[in-house]
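Chain lettering (A, B, C and D) follows the sequence in which the chains are written, and residue indices restart at 1 in each chain.
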């Protein structure tokens, strides 16, 4: 990711402001405010604004439960309690706004999370930058043979080179043709002064899905955690996980107590079905159990054993 | 509205904090932050937190439209443009959180606006305060005879006194019976040490709908304006309008440019149907027109004339 | 619950219609369509309309996954897979609409689920029925002493009688005063011909929270299950659970395969935190473990043991 | 749009079913249920399911307003009233589900309407069809010079040919390279048996934005009208308008009374700001007025005059 001089200056200016406020603040998050944290080859994430901190969650919960909550001795205990019992509304009381630069095919995955506010750069209105995502060699994974939605081994040698060459070549050619149809260069200069250009809203259709776009994305803490739970997971596509990992770090800086509870109960936790509960219960009580008795499919049985680190029970 | 000593001290403490932030601020709103602004006899509205200001809307719009928007000369011009053309997403980039104390029957009207986050005081968990709304004499309106959803003349003399006596008497009696069933006073002291009390989640059903509750209510600027457009309108019930009017004032302090555009295009503006447009067009062109020609119902015709201040065209 | 003759006739008429459609249907749900299923003393639930069935979920999933899903052998296997892996969007493709009559204090709890569409009877516009909820003796529970949000033993003898007398007496008196202030009886007849009545939007504030209201409530299958998961749970207040139980039954008639998966993975399932996973793993492997080692609080430890039926590990 | 034999047969089968239901139906919509209505060169819209009809809106409104609404003489009068006064909840009681095939760059515009449920074909999981949008000659518009978000004259002759050649050439080449990287043809056959293919979730990034995707899209009637109001408008991009126009037609078949009110009050209607109202009022009263007096910008003044067909007042 390279910022233009103009962008770097703007960020520096924003960061140098010192405003006074009576609102609660999150000092660790303030330190990285506006910073363009690099993701992938040309992308970034910037925290632009936020509202509330761990204390706001506690405060909201205490409004809900009234005098009763005074008995819970610590704020951290209360936040853990809320997380464990899936209380949702106190976490909705905090809000965060990101500026994200990301490839279009990742933007399409991201936007499926609907409970957020979005302002995306409009290619109807302006010309897109000449920037597209090219995976690093170690991310050029083959299609998994066992899992239709997964990656297998990394491609190597000639095949890898060929793939990269295709991606680079096609992105460059389609972008050049985009400019040619627009009759305009990215910097706004006309190519052929004597003719019109194709409408931007049409020309954009020639770009490939690894072209970068950008948006402001604003959501509340509850929905941010729902997003991160899915997208920082190892089942998520590497490219969106790269963004989620950076966001996890901003979550930690913003609401450290909530972050800890989130990692324990959500990210590191697991669900067990009613049938699965009986299997675990029998194992603990030293009773005999098997896939056949359990009513679980083989796949389900293995997922259960794996999530509890019980490798010796996994069957082929 | 009387605050307890404890509450007054808490507000003073919150207001005396001076935190440093790199976030944008809204200086006029900061001045009233945490303040309990009185509404009705025991209610209040407090702004607890906010995110963004007029500048955030401009910034979001400029991300969407890219280099193109540089041509719009002023921020205020851009905000007016966005409002006029019903652009919604830039206004979603700002967020505000209120603490509201309000009668339950008003809370039930308010909650119909679903795109907001709410933490309400739980009467399952804690005992409600002994506070209920009693209208002032000038708000004791009779049922309108022409409009099923409206108010007519103000009740007077004996009838007004009788109504107030009923409201006060019933609220007090049902609250005392609430305590009696709970076997507990509001301050937590037991009434009869030798017996249990009815569960709070049940006892609350005996309270009248003018009992006060409270909540944290958080929404984005777009949805706040949707709320205010309906609830600060003269068709809205007086009691919710009293809250909306105070919130309008906080809107002005928070985002003054947006406030102006909102008042011009939304609050002071009107819609005209395709048939209504033809009527106005004919009037401007000095052509003849009448209800019969127009295809409008009498009610619709009169609503149109009234909204354009054309009283001489109103028909009986 | 007593229906008026008029209502009974209307329901009978609706049920006797036989329309032809090319849409998918749910034969078992059709059988109870429009039926007023009684809940509590005066409440009911009616299924008014629905869209989709189990097959619609499968169909939507197959659009998402394309040719790949053909390998999943059965529809029921696919639905179980979707439920287990928290796939949400296919379940959003079905929709259901209920007509519900319920006490106001339960309506206030219910409405906290925001992702639904609601049309409630307006007491600004019309007069509410003289019907209020009075619990049966066996539901007159005392406040739990250990759990602030729960019920303890059932009240008995004189105390129970006293509570019921209060609830009945206060509801009747406040309703009569409601009519008196309105200067109108429920049937629309004027009480005193020579004077106006208080506006309906004001008079309603005198009613107690056990007064019945009614609404149309429409939601998609995913959000219905979210609602039922919380409200058919034994932690839910009995009065809302009574509605949720009836709705669970309509869920079974509507989408039987989804119902089975829901009961197994959601209702009967449980979550385990990352710390809890280690505890269970140690127990299965026969290793020593204790609250102290586990990092769990006593409360958390006991909740874990209870949810796996491991009573011998529960500590005081 | 060409359907495969398989698809045509499936549609015919679905259309030939005759199910009995007690639900309300919409006979005209039933006639086109499941039909693939062509849009653009390879796209289509199919109505897959629906819930409710005009009558459901009336029914919901009558629940809200109780006995009062009996006075409104006709259903059509009630629906017009609801539309005119922006009552939203009764329109939310109807739901519709579409199957849409559309180019990705249009899907990205469409998805900005968030209050809908979506199941999109997953290119992580399956291979996309070799189909991409190529505009007809008459839609190859130049960029508007006056309006950054608009289209100007149609490109002609050589320039048009060149654009079409680019679009076709780039789409074909990038698709072939997509297959090559996947090491797989669309029909599932391996290209080179001795090597793996790039993961689908990666290979898709090489496709251009005019590639077709498809989804199930489900929304309620209120949000459908919000969508159509924006997307069937002449400011909308032609390609999405082509879809909106077909959907307008399904709206008419589904809820004909609502359709009429929608066309009159929303599509054909306009908003007037408070300043604009004064201008029109003066014109009607024969008073002098001008841009300068009005407080309107030139742009705003002209928009106002244009929307009322007052061309003689438009200024340069």
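In the analysis below, a residue touches a chain if its C-beta (ideal position, glycine included) is under 8 Å from a C-beta of that chain, and two chains touch if they have at least 3 such contacts.
Since the model is a prediction, treat every value here as computed from it, not as a measurement.
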item: Chains touching both chain A and chain D; value: B, C
item: Interface with more contacting C-beta pairs, comparing B-D to A-B; value: A-B
item: Interchain centroid distance [CA atoms averaged], chain B/chain C, Å; value: 29
item: Between chain B and chain D, centroid-to-centroid distance (C-alpha), Å; value: 34
item: Whole-Å gap separating chain A and chain B, where each centre is the average of the chain's CA atoms; value: 35
item: In chain D, residues with contacts to at least two other chains; value: 65, 68, 89, 112, 118, 120, 122, 125-126, 148
item: In the complex, chain B residues that touch chain C; value: 103-105, 107-108, 111-112, 114-115, 118, 120, 122, 124-126, 133, 135, 139-144, 148-153, 155, 159, 163, 166-167, 170-171, 173-174, 177, 180-182, 195-202, 204-210, 237
item: Contact footprint of chain A on chain B as seen in their complex; value: 14-15, 17-25, 30, 33-34, 49-52, 56, 59-61, 63-68, 89-90, 92-93, 95, 97, 99, 117-122, 125-127, 188, 214-216, 218, 220
item: Residues of chain A that touch chain C when the two form their complex; value: 65, 68, 77, 84, 89, 112, 148, 263-265, 267-277, 280-281, 283-284, 297, 300, 303, 307-310
